[in-house]
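One structure coming up, written as structure tokens, with questions to follow.
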């Protein structure tokens, strides 16, 4: 298993563990989860479009576990790799060089979650 | 003319003036303009979707003139206010309270550029 | 009325207007409001301490309307100006020069909301 | 030793090494250390409250070694885990999803430095 | 007097007022001032180079009063407009679109402080 | 090989891989590369000065692979370690504590790429 795959799995485990902790310990965290649910509900925009918006933001704000999560969701919701790359291109325009750095990890996440034929 | 409308017009004038200056003075600026053109070209995602991605990023990174620009473009490209609000909702999830603050100006921009019937 | 006082009032009006709009238009915004309510509930930390945490964050992330709001709340909850300045000092350490710039507006907000004797 | 514990120790070693280097090489660094000392001095706010302000800022600005340092200090100064979680909740409100991601590492730091009975 | 010139003067007044307040009220602020003095001392790099580094950072972190201050200092220390533009170009690369937005105000500051012949 | 050296090599590999991918898949990425080329061209400022500007920005925006890249370039272009440290000091002033944290990795990069005698 490559370093990148290990990192992806480490992010998933950390999320699971912290989810359990903060759901119990924090009413604000529970409210955040409702916010997340509402923000990504299918509506006038499809969920996969919302996930691609989140990918682009994640890249600009440099949140790798966010990239991992939203790339996975976008692919599961039927976004194509070509579409995700175009969302990332908007992040290039809005974030410059550091966005191209974060796009390296987005590539790893796409490879990890890419649907197998 | 309200304060907000004045601000919107001030942003447009500042952009026009600086565009002229940096296009002449800066090769890197000219390259940036090509980057911007490529990032928003219609492709696997429609241009209006890319503009909504840019709105959401603009809100999270707190760039008011960016909000003004991309709201205008999104509306011109046929995005509905309902769709733009849903893009903004992703920014709420990714940016918390400060994103809700920036969404105030996004509302002003939507009102300013909203198509008249 | 000074420029700063005008700005403070403009922030309040913008909040009021946008609140009304997004409460109606956005389920994610309504969920955010619940998050905000939970985050500032009195608990193991007093509400005024939480407001001072929010002041310091607002300074570091450069959100003036957030500064205005949380300075007002902190003073109303009984925080002293001396305590607020000490919260701002942590922002100096964590945010450097740009934090000292934002602290200028925090001072205006403190003067605006300072309890009269 | 878990991955997280290794990371915490790596942060401590990196701090120690760089401290020695920059203290010698950089007058600005030495001035920064005085700033840090002043920012966290006990005053109108207790030191542990200042450490919790720093934890919340660290989460919002995504600085893991900062989280590690200030969680350790807060616990040593007598802050309870419940209080730290409430400081983190303010970070959720001010930082949205990426703050919940950083809170995962804050949890690791709390577990690492949690006083043993 | 144009809007931009008014803004520049407002920034100067706000700095002066807050300087007086925080110098008196905050030991951490006084330590920050020593940090600032050390960071910009002439050394292996000329002061004007350090000011241009600060201009570029100010643009990327979106601090207008910082831009105003460091453009003034750089010009006073003998930096040419061509050099400042090249420093800004690095900010374009590192900051993307929002950096080009901040460069608009940098242009205003350059015009304001440009040496008259 | 130390952990830090491994990290430096991992950053180089990730860059190489992603470069190949995005150069092929993304016209916006290719435009970004032209922007990068223009931003660092020798001009009124020497290339090594531009690299030091980029180091300081990288530290403030917390982009480790950017630090690695620009420290390497600066040293290759003849910048001295003393000069780089002074650029980093401006980052301390503009970025506070989190900048001092990023400066730890800058030190590792300097050691890694330091010219051998």
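To keep things simple, chains are lettered A, B, C, D, E and F as they appear, and every chain counts its residues starting from 1.
Following the convention adopted for this analysis, a residue touches a chain if its C-beta (ideal position, glycine included) is under 8 Å from a C-beta of that chain, and two chains touch if they have at least 3 such contacts.
None of the values given here were measured: they were computed from a predicted structure.
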Inset, instruction - Could you tell me which chains are in contact with chain B and with chain D alike? - result: A, C, E, F
Legend entry - Chain pair with more C-beta contacts, A-D versus C-F: A-D
Legend entry - Where chain D and chain F are represented by their mean Cα positions, the distance between them in whole Å: 26
Inset, instruction - Can you check how far apart chain B and chain F are, centre to centre, with Cα atoms defining each centre and the answer in Å? - result: 30
Legend entry - Multi-partner residues of chain D (at least 2 other chains): 26-28, 32, 35-36, 38-39, 58, 61-62, 66, 82, 85, 89, 92-98
Inset, instruction - Provide the residue numbers of chain F that touch chain A in the complex, in ascending order. - result: 10, 14-15, 17-18, 21-22, 25-29, 32, 35-36, 58, 61-63, 65-66
Legend entry - Residues of chain E that touch chain F when the two form their complex: 35-36, 38-40, 43-45, 49-50, 52-54, 56-58, 60-61, 66, 80, 82-83, 85-87, 89-95
Legend entry - Of chain C, residues touching chain A in the complex: 26-28, 30-32, 34-35, 37-39, 41
Inset, instruction - Using the touch rule from the top, collect the residues of chain D that touch chain A in their complex. - result: 3, 62, 82, 85, 88-89, 92-93, 96-98, 100-101, 103-105, 107-108
Inset, instruction - Over in the complex, which chain D residues touch chain B? Could you list them? - result: 92-99
